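Shared chain: chain A. Partners: chain B in the first complex, chain C in the second.
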Partner chain A sequence: MVPEVMNELWRCLSQSAFLNSQPVQTALIVGACAALVSAIIGVFTVLRGNAFAGHALADVSSAGGAASFLLGISPLLGFLGMAWIAALGMEWLGVRKARERDLATGIVLGAGLGLSALFLYLDVTTTSTTGAAVSVMFGSLFAVSRELIWPAIGASLAVFVLVALLYRPWILTAVDPDLATLRGISPRWMGLLQLLALGLAVAVCALAIGAVLATALLIGPAGAAIRLSRRVAQALILAVVIGLTSVWAGIWLAYESYYWFSGHAWPVSFFVVVLVFLFYVFAMLLAARTRARTNVTYPTMREREN
Partner chain B sequence: MKSINPILSVADLSVDLGGRSILREVSFDLYPGQLCALIGENGAGKTTLLRTLLGLIKQRAGHALIDGAPARENRALVGYVPQKITFDPDLPLRTRDLVQLGVDGHRLGLPLFSSKKKTAVARALAAVGGEEFADQRVGELSGGQQQRAVIAHALVREPRLLILDEPLANLDFGSANALVALLGKLTHEQQIAVLVTAHDMNPLLPEMDRLVYLVDGRAATGSVAEVVQAEVLSKLYGYPVSVLTHGGRILVLPDAPENADVANMNRCSGHGA
Partner chain C sequence: MFSSFMINTWIAGTAIALVAAFVGFFVVIRRSAFAAHALPLGAFPGAAAANLLGVNPFFGLLIFVGMGVLLLRQLARIGRRDVGTGLLLVLFLGIGALLLSMTSEYGPAVFSLLFGEVLGVSDADLWAILVICVLVLLAMILMYRPLLLDSSFPDLAALQGIRNARMDLIFLSLLALVTATALPVVGAFLVFTLLVGPPAAAQSFSGHPLLSLLWSVIFAEICIWGAISLSYWSNWPIGFFVGILGAMLFVLARGYRHWHQRQRRLVIRSKVLNQK
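Showing the complex of A and B:
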């Protein structure tokens, strides 16, 4: 019985036009990489209170993406190069206090977007299309070249290795930098390594859903998961589930939207971002409900004691 | 029970920061089973002294030895509870996990399950009476509970010297008294040395064995009876002060200037001296 159902399911899947389309396959794989790395590094970014830096790195990486079109290099390298330059810039400008960190981040963000404006202008004037600008800023997952699958997987693996290696020191540093220092951990190095890992995640994300929208995938699933979790490991798993669901469902919806709007499919990035947003709102409501419930039970327990 | 060697030995310690002299020739010893209060106002040099003891700042002269070796080398013997950690209410970390980070937070790689670690965590939680909130998120705890959670985090490695920076700030009277009683219990039951900084020595009096009284980088040290004397403190402050005691509480006040109209002041405030 069960094998028959599985066979039937497999036959359906292997014959589905959706899964047999090469752009869809590429989108599913690169999208999965983006969802996984952004969910995982996103949790640590949110824990460190560094969401703004994540947003800034993603935006600034658009300058790299735009430059890669001019130079004819891989967009992944472009995004990554610019994200890392921005990460080092933020670190160099000083990050002793949260306020200074925001200031340094904002300044790097401004400078990076200025470069982005120039490169995108040059892209448009040399190629006389706006395609490059849209795909750098907002992504076009169905148009990602098949050759980028392995680089995207490689960048993701590098992030996984860094996270697995620095899992506990990163958590301790996020809890309190002084406690970390006393255990021989340098919060400054942890911060820098985290920014470099964030740069890798941003590059994969920007490739998938665009530099501007990468923030959504980076912060959304992580933020939602953290509200619902009692442990870091739990938050990581939940963020991965939310991210992966949003990306894969977004790809499917975009594919199907071709039929809804008589041949004008809506962008994948739009669907992904909408799904992430809905997950986040749902998590907020759920967390608020749980909290309200515990607040109600506390006094009654105390009353019982008295 | 005093062991022969002090766990902490500070001698003629002087520290400069940014060209300014912050600590001047501070000396005191601390033995296992003793609770020492480090009292001083803001800017007196309390935090600088702690950071030097933790090996985070280098001294200009003198030395601070932990179990006979420079602080930097014997850091593993020290448990530290920093001043007021604010936990984000959304931080996905249970009290149990925070304590566990005390065991292996510095290790590389993913955490593996170990029953030995679990026992150590349970023991540290029991020592601070934290079993009841072990599975709550640290951000959801009350101020006193958070303080105890961080103490368990510091205790789990079985330090021989426990240093707490302003643990009583931001606590109500009830929680402060409970925390002082807990520190006294830890000092005596585990035979560790405890060093606590505070603005006000009064909440600590019931459990305090030693006192380091810091004024502008200079210290008077000894037992409470030895230090809290008008003569000793006047010399330390550089101007005459009086020590008032009332109901087991101590108040150190600068003397009124000689030309002050004391009689008039008394009439205004409505009670005689």
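Showing the complex of A and C:
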């Protein structure tokens, strides 16, 4: 019985126009990479209270994406290079002291966006890339070229290796930096490595849904998952599920939206962002309700940290 | 450079930098750089929507930035403030991307909204900008003391009967107003640099609030005047110069403070040695 159903399902899937279109296949794979890495790195980022830094790296990486049009290199390399430069810049200006972190992040963000303005302007005036601003900033997942699939998978694997190696030290530094220092873990190195991993994740995300919207995949699923879980591993799995669902459903909705309004497809990024936002609000309300009803105060990770 | 079509830009730029410095001073001491980044970007779809409907972009900006403030407070109440801010920002930007994909004028319109347009200030715009700047300045002068106390010592402010939530709302509303005025000129991304760069640099020069405020006004004016003239000469986008000048001011001010502190330490050490 079950094999028959599976066969039927497989036949339906393999015949659907949606899954057979090449841009959709690329979009599904690159989108999945982006959702996976960003959900995992996002959990550590949100736990450390680094959401602003994550967002800033994503925004600054847009300058790299814009420069890649000028230099004729792969956009993934552009995003990654600029995100790493920004990460080093923030570290240098002093993200270590919590008091200074906000300002240093802001200054790097401002300078990076300035550069991005210049590169996009040069893109428009010197080369004939029209719409560079829109595709760098807001992404166009259906237009990602097939050759970028393997680099995107490679970048994601690099992030997974980093996370697997540094899983415990990262959690310890996120939850209790003083204790981590006592155990001989240097918070500064951990912070820098984490920013570099964040840069990798941001580059894949920026490629998928655009540099300024990458934040959605980075902190949305993680923020929702952390609120609903009591263990880090549980939060990681939940974040991956939320991220993947949002991205794939977003791609499907964007594909379908072509038929809604007289042949004008809505951007994928719009659907992904809206889905992530809905998941987040739903998770927050759910967490608030369960707590009010049971009236038992389980310490969630958020409170344990405070 | 001071020809008739640039006069409006110079006046608008000066007024915007003045209020941006005032509000930015509070952005820095309240440590709400993320909100100051999110509100302008959240307002940007407002201009896109107004473009689509054919009304004055200014109303679109005000409506969206107002919605942004209300939603931001709601999201901050149910979850972490920074995560809420980030998600609100991307939600609005996503809507902006959708609206822009519907208009025919795609590239140039997006670009000038995001990165600023020096020559875009008409006479009607100028009056609107000036009126809002005066309103913001008046509100700032009236609310200066409670806002300062609430920003630096929230507990003490609460003892004095100043309500934290209300101050937060007032601060965010002022931020929103400044954002809506500055956005068409400086661009959605770089309003933020004008708000954060000069006041952050000013902190290195003085610990006294009024002096620090004065410095941040001076720095903001330097930043905007420099950006307008450089943008006029080179024809490059004004946002680039605002961003780079803001960052340079900050780095220079930090360098100065570092050097100053070392000098003072050396002087103290030599005095101690002399006494021995």
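Basically, the second predicted complex is superposed on the first by the 290 of 306 C-alpha atoms of A that agree within 3 Å, B and C clash if a C-alpha of one lies under 4 Å from a C-alpha of the other, contacts with A are read in each partner's own complex, and residues count from 1 in each chain.
The rule is short, and it goes like this: a residue touches a chain if its C-beta (ideal position, glycine included) is under 8 Å from a C-beta of that chain, and two chains touch if they have at least 3 such contacts.
From a predicted model like this one, the values you see are computed outputs, not experimental measurements.
By the touch criterion stated above, A:114 is placed in contact with chain C alone, chain B being left untouched. Once the two structures are overlaid, the count of chain A residues touched is higher for C than for its counterpart among chain B and chain C. Judged by the touch definition given at the top, the superposed model places A:264 against chain C, while chain B stays out of reach. By the touch criterion defined above, A:180 lies against chain B but remains apart from chain C after alignment on the C-alpha atoms of chain A. By the touch criterion stated above, A:227 is placed in contact with chain B and with chain C alike. When the two complexes are laid over each other on chain A, chain A has residues 49, 227 in contact with both chain B and chain C. Put simply, chain A touches chain B in their complex at residues 47, 49, 164-169, 171-172, 174-176, 178-185, 226-227, 229-232, 234-235. Of all residues in chain C, only 28, 31, 33-34, 36-37, 41, 75, 78-80, 82-83, 85-87, 89-91, 93-98, 100-102, 106-108, 110-111, 114-116, 187, 189-190, 192-193, 196-197, 200, 236-237, 239-244, 246-247, 250-251, 254 touch chain A in the complex they form. On the chain B side of its complex with chain A, the touching residues are 54, 56, 75, 78, 80, 82, 85, 87-88, 90-94, 97-98, 101, 104-111, 135, 137, 153. Here chain A touches chain C in the complex through residues 46, 49, 51-52, 54-55, 59, 93, 99, 102-103, 105-118, 120-121, 124, 130-134, 137-138, 210, 212-213, 215-216, 219-220, 222-223, 227, 264, 266-267, 269-270, 272-274, 276-277, 280-281, 284-285, 288, 302, going by the rule given at the top.
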